[in-house]
Structures are given as structure tokens and as C-alpha cells.
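Naming follows writing order (A, B, C and D), and every chain is counted from residue 1.
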């Protein structure tokens, strides 16, 4: 507003016009970036400073009807906020996103929130393309967990393939990946991974095809594959599964949980779609974009399919995750995100080298799956299987979150389905216990050094206690 | 911390101890309230001031592992936040609520978020009881729209009653109320309301029972009834439906969308549960608690049933709505919420009186349904049905959001189901067009005066244009 | 910015143009107020909402060079802020106000801060006129205590009247009122107040004239009078002193400490200036405008004189107080401030009535000086003079700040000048001990009720202990 | 508070005690740092994170009486804040610092503000010692410009040496350094610097002694010397001046404006005090600590002397600068500040090297005074003296603030005193025009690169226009 000519003239009664001109030029520099953003609807090359972001967000929020000075609400949902702390932390946004029948629809009462939603989805799509999935066509942020978004996608498929009840699923021992199938009231066919000579776990593609032939494609609602996961499991062979999907005309969902941060996974997806078929890819906003938990990015290669899922979300959604994502993408810009991506890659190497040294000292081995650029495992074969979980809790007490110890002794039953050797993605093998750690986006060298030092101490302590 | 004796002694080298003692007493007054809160886990009688709320929230957030000063994350989900604007608006909360298999489970990595979640659910339950549903047993806030929470409840029921596909639904012309059934891939039986002599719309209880007998209770997954709604429709006869639910052993879901703000609706629910059966009651956080859109309160009379729904939510959820609710409930306290409740009741009368005067001047009639204490309708019979929607958009342009014009000319088809005279909750009647307005929680006298004045002008303008 | 046509067009690719038009209209409503503000440079009739204030402040701050995106500082003072908490709380303002030789000068590096300064001074002048000093000509906010601003004004006078060393001062027992004279290295002539039959203390005008004749006008630098003060002292007879000032051509400073909040005092000032002469009026920003301590408003009836003081401030000043004042005046508007003024007046009556009841019960008397509309005293004659101060500390421990007990036993020496019966503004009288309380701007009915109740208990407790 | 055992027990009804224990440990880690701070009252080695700082500040502010929940103000100054934006930005601090007669006194109403004040002064003293002035004894932050604080120090001296009116001042062409003498109504004796063979400007110590002998020590109130300044002037020979001060028993004030950031200047001060005498050293908070303009640090080697100045400040002062300084020092810690100090030193070298290259290309010379480690000059001898100021404004328009062009053509008169060749600190010399730039604390490599590039272009443009 202060770059407006008429305002400048008014101000000139208080300060000289030549100073105002310089200020107005500076303001125009900022405005230019916002114009570029709205015009191209793509990530800016360089991130914006906090002032520009906050001003933009505040300007948008004033476009919502609850913030009009002449507002007069006589409905049941008027965006009133009674606690000032709440109002401020949402920058006066109150109306959420979407309309009752469609999470991506425009709200007449909330022009600003709608703009926020459309723009953020557009920027996310640009990010996905930049990361390597160049043929991605449409992207929507859902205000729900990745698991729930998978459920919603399954329900969408189910509404079209009413007679299909089975879901072919390459086993991964994370609860929500499995729960999302049960929540949709579908029947999972669990296909264990297979171990190769290097102790890497890979997709049992043959078993997939076998199951399709057993049940018939018409009975199978879809295939669910997973990219990012805990080593020694690696990214599923999504290229092969995509080909099966295409060959048998069975939908294919990819759970790319925290895979958007790595070009390895995104290139797998791009390649798989070219050679076969992928319907939906889901990933979490928190793990890939470093925002608080709460949202999921759904994308695909067919606009209509994605819109169909949007239309399944019953009710308005929170705009909180979308706002977090927008502010983060404006803050980072292309350069900022790519910097994080590159640093993560380096940190993975650094963690690997240091962990290998440590493993050598303790007579253990680091298992890196070539198809897993984020997580790695280290065997704990010299420790008593029954006491190995103690290592995990000792690490946790020392501030190390995220390390995960697999004893291979535990069997887990989820809603009637039993997983032997829970945590290891595979049953009936002579598995050794191990620990997994990950170098995910945002990790620092300090954290790795700190981890290695503490891990070493913990291992020594456990050994000494045992002997 | 400054009330701690050892700190006080240290401070006494900088300021005299007698002043520090008075300060420490003042601090203890604040701490006492927080202790009471944690001990009783009930609403405080009086709301807290902003300082106390913010300090408490910040103290809790520091209990999460991402905020430990010795944190060292080597996992894939470490609660990192890269954009400072985002971090601040979430008061450093990053981990969301729940664990992959259960939205109400405790997260080891996030003790503070877990405390936030448990405490807020407890306070919400207390609010529900205070509002009149004394037999409520368990309450959980879901980080999803009311519609999606209904879907999740339906999916939960479905997982237990695998052969039942039908949902008996008392027609209400709001899209998400209907969508939630379709999203769960269930088949709705739509039961039109019936009109009485005063043009009020009521539940067709007989038709419900008839349909049960036609299909057989085993085929019917559940009954869905609605309390708060647009006049001239009123609250469903949930007592009668609860009795049917009990008699035929069919689950019963109540959509209490914005009904928690009115003791009329809550007493209906309490009474209905006593006389019959209710399994789940859902209502939105935004409309009842004046927070931004995003959450849903699910409560019931059987702890296990509610927990079952919690266990269906696949993945972690956003803690954003929960945080909003907690801050709001701490801000209001019992007195603050009851004040809002009483003021709303008065404003309903005020709106009614003024609208009746206006209706009289324009030769129209106000229709108030005795079972609807929030919304009222005014006929627009003297206007051309084809042009009546123009009134709505003229009001909207003048800052009046929430008024809703029903022309009775529109038919709407949602996923293959057609609703004649969409908006009027009833078909095949010689309906007149009308407008509905509501006096919901938070409305002010100013807004009503402003609405009446603008509405009058709009009606005159439309009349003059027509003649 | 979002009301800009070109931006609107860009947005229309994301949301429909008709919604954007409504939003743009709403934005224009806000902008209109800001334009009015900059055009008239007077208080707005109605206060602005927080959004408008914050946006305006942020827009202005971006006009300062430290916030330019292309900034490149190679000087010694570049407005860098290293701690983010600090940066945010100052809304990115860093350059302060004024230039080394003049606190009201424009800073080329800080167009926004300069605008802030000029505008706030203009609004303050408007407030002063609105409160009744219609002939006020110029007003400047100084980033210093009232006492220090008095010192600066004295130094300014001294630079013009190099041979005059004496300051005639109507005694008021508040330390900083006296210190300001000594700080300027001047010699005070202390003129005790005189007591009338109602125990009110008034100005000894005769003694003033007598002293002028003794020393000769050329020896006297100025007269300092005080308006607002603790009862039973009242506002000095500034009309009579102004006439002396004019008659003998001696400058006259009025210490209107917290008198801007009361039209009684402002009308005294206006009247006094008409009949005689006033050079400077000082008052604190915190006590009159309800902002944190830190600033002083200096005004007068001759632009040049005020500018002379501005030119005496060596160095740049903090813009913090100015920012507080601006935000407060935008928040209140004319209506908001006048509401506070009227409420205070009512609360004074309420306090008086309740204190009189209490006094009657305890066999004491309330002394109200007709020339003091803010403070009142209550005798404590039935208490032991030696123990009377205990009452003050008991009140303080109970959260009552601001009550002031005068035992009349204390003599105080400040830099060699001894004040007998310190606190009572008068010596050598058979004074009874008393307590003073005030109803100043912002006081609430609750506070008064609370005070009366606690005061009663304290008096009873002291009495019982004594007997 | 959440580390309190009784609270932990209450929480354990909501989340498991083992998780609470880990959280409580993490909280204790934070609390330990605060305890260390209060116990030692010295800079922490490492800076605190934002959470710890904000929690600490909020805890302190709740110690002030205006924030007590049972507060009941019946005085004229109760710390009320009417505008919420203002309240929040001051973290609820309202009472300022000091009491009417002493800026460093404890306020009974404001225990927290008093603690803030004492602690910050203590930390500042520690910083001064860390930077090299090991014998510093006492330090107070004044809520005024450096210039005004110098005035206050001069007034303090004057109150003790009533007959002395002259101030011996080593010329430096910055207005506020000179104004501060006039504001105190004293008479400056201006002693021009002298130029050596390298075009460096140094103190004319002989002239100082000559003037002392001419007027007699009893007539001279004090000597004012300056450390940090614009090249080619260097730090005054404060060791020699200190010796004169001691020899003739004349007080000595050092204007260390932005010299605290450089160990060169602080070592000069330490050395000078050892060999001679310094009474007061003043420096600005903004330039040395990267906070907004507004405060001044006064320190000395004799507690009583510093306290005397504190007692001269009439009235309470703003706590705003003190709060900024505290948050900044907590944020930086020793390591953080020293990092800034070292980086600045490197940047000075970088600027020098790059500027020398540029000077060579343009046939000019860089003048670095060995006694000036912050500022450097570059001659502009090949440009027309009359047009040389254009270079300054062209740079300013391009976002370069802080470069200062001296044409040597300007004479300036301040309150009757004329400075020939204003800006050059010396008269009657055959001076060439030049530009000065500085590498002060917080400068970045980017800024220097940007400056060099733009400066080059500007010089070329001016040359081409001239030819």
C-alpha cells in the first residue's frame, strides 16, 4: 500500500518525497516477487524473507469474510475466534479449506483461504516436478495423516470397483501402512519381502503376479507399494509393480512416505509411471517439508483421479498444514529446498562412514540397501536377543530419538493378522537383531557425531553389564 | 520456576528478598490454577489470563523431544521445523497427536503433545457434561472435519457388522452430512422430513420403522439423525430414533454439528440416550468452540466404542485443533462458555423479534421450529422464485455471510442420488421460497441490527426492480 | 497490495474474480482509514482493529533502509538486529528517531521511522487539543522520563538566559519533580503550599511574587508549577502563576504529569495560557496513554520554543515509546480515549463515595481538594503515627499498589535541601497522618471494590493489634 | 514448573511417569542454565535458544505487580497497558527501570523489571571485561542516546566542580559528540587533530596541555576523548590524555561510541586507565550490541562515580533497551559475541583488500589509520570537489547506507561554533575529498562484495558524465 502513488503524496506532508521514492522502490522490489509468485504459481528461485512472507499471509487472510470490517454473520459458521491467542497463531484464518463436498473447492466466504489452498497445491506440484517426477499432473494437500489419505484413496477406488476387496501389499512393518487398508474395510494380501545375499530386502514381484493369477484381477482393488522405509528393506521394485498394474489393469498406490526428499525415490516413481502405471502417490508434509505433523501430499498423473479423491473428503478441512507448507516453501524457495536435499545426501554418507567405523570396532556390520538412500541398519548379533531392546531405550533416554532396534523376537497381531518377527519385514528367516538409523532431511553433522559417541558408550555399557 | 526457593535465593543478590517473596506468592497463585487443572482435569470456573495460558502451553511443548536441548535425531520423523514462522505459531509443537494405530495413544517422543491431547479430551468431556449430557463417558477430538469423522465412525461400525450396507438417514440438505455415507461406500436410505401445520419440518419416524422392517435390521448398518440444522427443519426426534435403535439393535449416530452450544440439543441427546440408544455423537470444534475449522468432537456413552474409532484413524494427526481447543477452554473457563451460551439465547430472541417486525412490513412470515433454537426462516413468497437467489448474493456483497436463500426450484444430484427441491429437506411439497438465518454462538447485537437494516434495503431494492 | 488491479488479475487464475472483487472492496475499506489518517494527521473517530494497525506498522517499517532487500551497509550504524526476539518485538524498526542534533529531524536512512515520529507527534497534538488545550501549537514525544525532559527544557532556557540560576517551584513532594532542577545544576527556591480551612493545600502565589521581587526577575530562570498531584494538594493556581510569568517576563513550565487524562487540568492550562504565559507543558506517556514507562509529551504554544528543546537532545532516541503511543492512539481513536476519560471520572466519584463510607465507619475523614479531580486523601488520625506506615506495606502485600501513606514524621534531604514532613507538601504544620489513593485512567470498579474491602480489613487488623 | 515433582505426579494420570521423567530431565537442563546465570551474573559460555530466553523473560515479567492476578491499583501509575499489541511486544513489562531519583534503584512495584535491570547491567559489565577492560568496576545502561548520557555525565561533574565551565575536546566531526557539551551549557575548547605523513589524523596532545596551562586546571571541567571514529581520524591518544587527566586532576570522559566491538579500543582504554585516569566511558547499545537505537552503556572504574550519574537521571526510564540487551546477550553468550568480533575483524581485512584493488583501478588511495580498526577512507582526488557529494547520494539510492563522502568544501556552524572543512576533523589543510566506509559488527561478505561492485559502477558513471 505504501508504494501507492496517492499514499506517497499524503506521506510527503510528513517526510520528504525523495526519501519516500527510495522507500517505494524498495517496496516494489518485494511486491515484484509476490507478483511473480502469483503469475507463475511456481516456487521462487530464492526464498523470501520473513517480512515478505508474513505480509503476504496477512494480506491474504484479510480476503476472508470473517476479517471484513463490515462483516455481519447470521449463519452457523462465521469464522469467529474467541481466544485471541488462537486467532493470532492462525493469522486470522478461520474458514479452513474446501467445501463440504470437495476439499479443493473454492469457498465464497473465504477467498483468501481458497487462494492459499490453490496456490500451495500449485507450489507443491512444482516441487514434485523439480524433485524429478516431471510427469506429475496434479497435487493436493490433504489435512490428514498419510495413512488416512491412503484410506481415502482406497475408498475412492472402492467406489469405482465395487466388487474388488483385496489389496496386494508388499510387507513393510509400519503400523499405519497396514492400518490404512483395514480402516477402509478391505482385505490385505501380505507379500513378504525377500532377502538377497547382501542381506538386503527386496520386493517379491513373482509372488505379486502369482497372487493376481490366483484371485483374478477383478477381485483385486489395488497394489500398494512403498518407497522410503527402514533398512535393510529397500524401495519396492515399483517399476515391476507398475508394469503388473498396467498389464492386469489393477490400480497402483505408492506410499512415498518420506521419499520426496530424495531424488532416488522420485526418479523411481517417474520411471515406473513411464514404464507402467501409478494411480496415486502419497507422502507426508512433516517428514518431507519439515513442518509439524498433520498433512499429506497426494499426487498423480491424471487430474481427474486426484480430483475424485478430493471429492471424497466429507466436510471442510483444516487449513493449518497448508499454511505451514506455504510459509515453508516461500521461506525456502527452490534453492533452499535443494540445499537441504544435497546436505542430506552428504549427511547420509557421513553417517554411513562413521557407523561403519563403529561397527568394525564392535565386530558388527552395517547393512546398506542400494535401494535405500535414507536409512541404514547395523547388526547387533553379538548381543543377547532378549536384551537388545534395552539398547533402544538407553539411547532414547540419552536424547536419541529415531533409532529403532529390531530384536526379531517379537510377533505382532493387528486386527487378526499376525506378523512374525515384527519389525523385520520378513518372516521365517534366521534373522539377526539390528538397529536402524536414518539421515533424513534437516539432520546435522552435530547430531551424527553426538549419536555415534553416545551409541558407542551405550554398546560398551551393555556389553560390560552382560559379561 | 521463579517461585522455586533456590532460584529466589539466587535472585536475592539482585533484588531484596521481601519483594521477591511477594512476587513468588503471585506466581504461586497462578501455579495453583494449573495444579487444579491437572488434578481435576475439568474446566476451571474462571478462565485464565493470556499469560498463564501461554506459559502453560510453552511449558508443555518443551516436554516434547524435538525441544530438548540435547536432542539428536537419527530417525525419519524428528519434529524438525525449518521455517521459523511455522515453529512459532505452533509454539514448538511438531509431533502431532496419537500413534500410527490410534489417535489417542501416547507418543514416547512427544510427552507434551500427548499430555495436551489427553487433557484437552478430558476438558471437552467436562464441557459436554456441563452442557447437559451428563451420562457422556468418553470424548475424543479428531483432527478432521465432522463429515470425515462420521465416515470414520461408519467404517468402524462396518468393520463389526460386515454384512450391513444400509444407512437410514433423516434427510437434511447439507452436502457433507450425506457425503460421509457415500465416502464410506455405504448405501443411504433417504427419509424425507414431514411438514406440520406450522410449516415446521419433523422426523418421519414411522417411515424409519417401516424401512427397518422392509430391509431387516441385519442389513442396516446404522441410523443417522441430526440435531442442529437450518429452519424450518428442526432437531430430529432423536428420542424416538434412539428407541428404534434399541428395539432393533441398530447402531445410532447423532450429527450434533453445532448443537453443543445449545442446552436444548444436549438435553435431547441426554434424554434420548436414557430412553433408547446412541452410539456416537459428533460435532464440530469450530462452530461450537469458536476456533478455526479443522476438528471434530466425537463422544459417546461407551468408552470402548469411542476407543474403537480412535484405533481406526491410520497415522498421526495434527495437534493444531486440539491446541486451539485447549487454549480456548482455558481462556473461557466454565463461566466464559456459559456466558456465551446465555448471550446466544438472548440474541436468538432479539433476532426473532426484529425479523418478525421486518417480515410484517414486507408481508412475509417468520417460521420458527420449536425444535430449532438456533436457526429461523422467513418466507419470500412475494418474490419471483426465479430471482430469489439474487437476494442472497446481494446480501453477501454487503458483508452478510450465513444467510441462505432456498428457492425450492433447484434439484441436486450427488453421486447418483437426486434431491428434489434441494435445500428444503423435503420433496414434492408446494413449498414457498424462504431465507434462513441463525443466531449462533458469538453473534452480537450489532450484527443483528446491521443485518436487519441491510436486509430491509435489499428487499426494497429487489421489489422496486421487479415492478 | 491485494487491492491492486494487476494483482487481482493474477489471483483470478486461482479463485473467481467475483470473489476477489468483494475481497478487494473490503481491503479498500481498510485502506480508506489509513488514507484519512495520513491526510488529516488527526485521531480517527473510531479506533482501528488490530489487523489494520499491525499491517500499517509493518508497512511503515519496511520503509526503513535496514529492511530493504537490497540493503548493503558499510557504515557504523546500519540498524542490524542480531537477536530475532528483539527484531520481532520492534516490528523491524531499528534506527530510532531524530538525528544527532535534533530529536524531531528526518533520518534519510529511516523514512519509516521518521514518518512514525512525525505522525505520532501530530496525533498527540490533536489529542491535546481534543482534551481542551485548543491553543496548543506544537507537541513532541521525547524518549525520556518526564523529569529528564523537564531538565532538558530547563537547560534550553538556561542556554538563552545565561545569568539566571534560580527556579521558583511550588513544593510537591515527588522526588523527580525536584531532581530535574538539580540535574540541570540550577538552584531551587522552594515555596511551600498553604493549607485552607478544608485542609486543602493550595499555591502560595503571594510568596512567589515576593521571591521575584527579592531576587529580581533577571536572576530567575523560570517558574515550575504542577497540576496533577497527591491530595490534599491540588492543582497549582497556574492562572495566577501564568500572570506573574507574563508580568515579570519569566518563563513558566507546567508539570502536567498525569493531567492530560482530565479535562479539569487541561482547561486550567488553556485558561492560564490565555490570561498569562506558559512556555512548556510536560506529561508522561505512560500515565496518560496507558503505555509502558519511557516517554514524555512536551507541548507548548510557540513552535519555535518546542523546536529549541528538540534541538537540545544530543543523539538519536529510542522510537519505542513513540511506537507504543502510535499503536495505542490508533487502537483507541477519539471515541476510545474519551470513553476512558469519562469512565475515570465516574470511577473517581465511586471511589469517593465508598471511601467516605469507610472513613465514617473508622471515624476518619476523606479530604478532597476541589482542584484535584484524580487523587483523594483519608486521614489516619486514630492511628499511632509511628505505626501508620505499616498500613501501607500491609496493603502492598495484598496486591494494592498505589496507595501512599504519609506519616508526617519523616524529614527528607535531597542533595542538601531538607523537606520537613516529607510527603505532605508543607512544613511546620500540625498535620495528621493520612493515606492517598487515586482514580486514574484505566481503573476499574472491581479494583475499587477490592481495595475498599482489603483496606477495611487492614485497618481493623491494625487497630486490634494496637489495642 | 513442569519439573516440579508434585506437578509431575498430577500429570502421571494423563501420561506415563517414565516419559514424564525424561521430560523433567530435559527441563532441568534448561533450568540449570538459568540458575547458573543468576548465580554468577556473567555471560553464559553458549547462547540460549529462543525458548529458554522467552520463558525466562516471561517468568520475570510476571514478577511485576501489574501482572499479579490479584492486582488492585489505586495509584496514578499502575502499569496498565490498554493496547494489546503494545502489551505483547513488551512481554507485559510496564514499569520501566529505576525510581524517580536513581535509574538503578529497585522498584517495589516492579521486582521483575528491577531484576531485569540489575542482571543486564551485570552481564554488560562482564562483556566489557571479556572484551578487555578488565579493571572496569561498574556499568549501567541508560535509556538515552550516547550523546544525552554524555550530557548527564557532564552535568554530574559540573555539580561537583561548580566553577569549571570549559571542556577540552579533541575535534571529531560528528554532531552529537559536540552537542552534548552545549546541551550541558558548557564551553568547548576545540582542539583540531593533526595529520601525519601517512595522512592519518592524530590527537594534538601538546595543544591539550597548552590549553590546560592557559586556562588553569580549575577552569576545566573535563577532557573528552574519542576512540571509534571515521578514518582517516584514528582513536585519540587516550593514554596520553589520561596521563594529563591524572597529572592535572581533571576528569576524563571517553566517547567509545562503537568501540566496544573491537579489542583494539578496549585495550587502549584499559591501558590508559592503568597509566592515567578515566572517569567515564560511554558507548551505544545499538552499534555495539546490534539492538535498535535507544540505549547507552556507561562504565567506569569507580563505583561511586557511576552511581552519581545514575542518581542524576530524573524520573523512571524505559526498560526497552535493557530488555533488548538482555535478550541479545542471552542469545549470543560469550561464544556468540566473540564470533561476531572475530568475523568483523576478518571482514575489515576483506574490505580493505577489495577497496585497495578498486582504488588502484581508479587511481586513488586507501587511507587506513593504524589506530582505526573499523573505518577506512579512500581518496576521491580525481573527482571535482563540487560534484563529489553526488557519489554519496548515488550510492544511497542503490541501497548503500553508511558510506560518507567528505568534500572538504563545507563549513558548518553549530550554535555559534564554526567548523571549517566539516567532516574532516581538521581545518586549514590542503585536504583532498574522500569517502569513508566501515566494517562494523554484523557486516557480511555479501554486503562488501555488493558495495564494491556498486561503488565501481558509480565511480565509472560519474567519471563518464564529467568527461
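What we mean here is this: contacts are C-beta pairs under 8 Å (C-beta built on N, C-alpha and C of every residue); 3 or more make two chains touch, one makes a residue touch a chain.
The chain list, named the UniProt way, goes like this: A, B, C, D = O-phosphoseryl-tRNA(Sec) selenium transferase.
Just so it is clear, the structure is predicted and the values come from calculations on it, not from any experiment.
A count of contacting C-beta pairs for A-C and for B-C identifies A-C as the more extensively joined pair. Averaging C-alpha coordinates per chain and comparing to chain D, the farthest chain turns out to be B. Centre-to-centre, using mean CA coordinates, chain A is 29 Å away from chain B.
Chain A and chain C have Cα centroids separated by 56 Å.
Rounded to whole angstrom units, the spacing between the C-alpha centres of chain B and chain C is 48. Those residues of chain D in touch with two or more other chains are numbered 22, 26, 54, 65, 68, 70, 84, 108, 396, 399. Only residues 22, 26, 84, 396-397, 399 of chain D touch chain A when the two sit together in their complex. Residues 50, 53-54, 65-66, 68, 70-86, 89-91, 93-96, 99-101, 108-109, 143-148, 150-152, 155, 158-159, 162, 174-176, 179-180, 182-185, 228, 230, 257-258, 284, 286-287, 289-295, 312-321, 324, 327-328, 331-332, 340, 351, 374-375, 396, 398-404, 414, 437-443, 446-448, 450-451, 454 of chain C are the ones touching chain D in the complex. Contacts from chain D toward chain B in the complex involve residues 1-3, 6-7, 10-11, 13-16, 19-20, 22-23, 26-27, 29-31, 34-35, 38-39, 41, 49, 51-52, 54-55, 58-60, 62-65, 67-70, 92, 106, 108, 111-112, 114-115, 118-119, 122.
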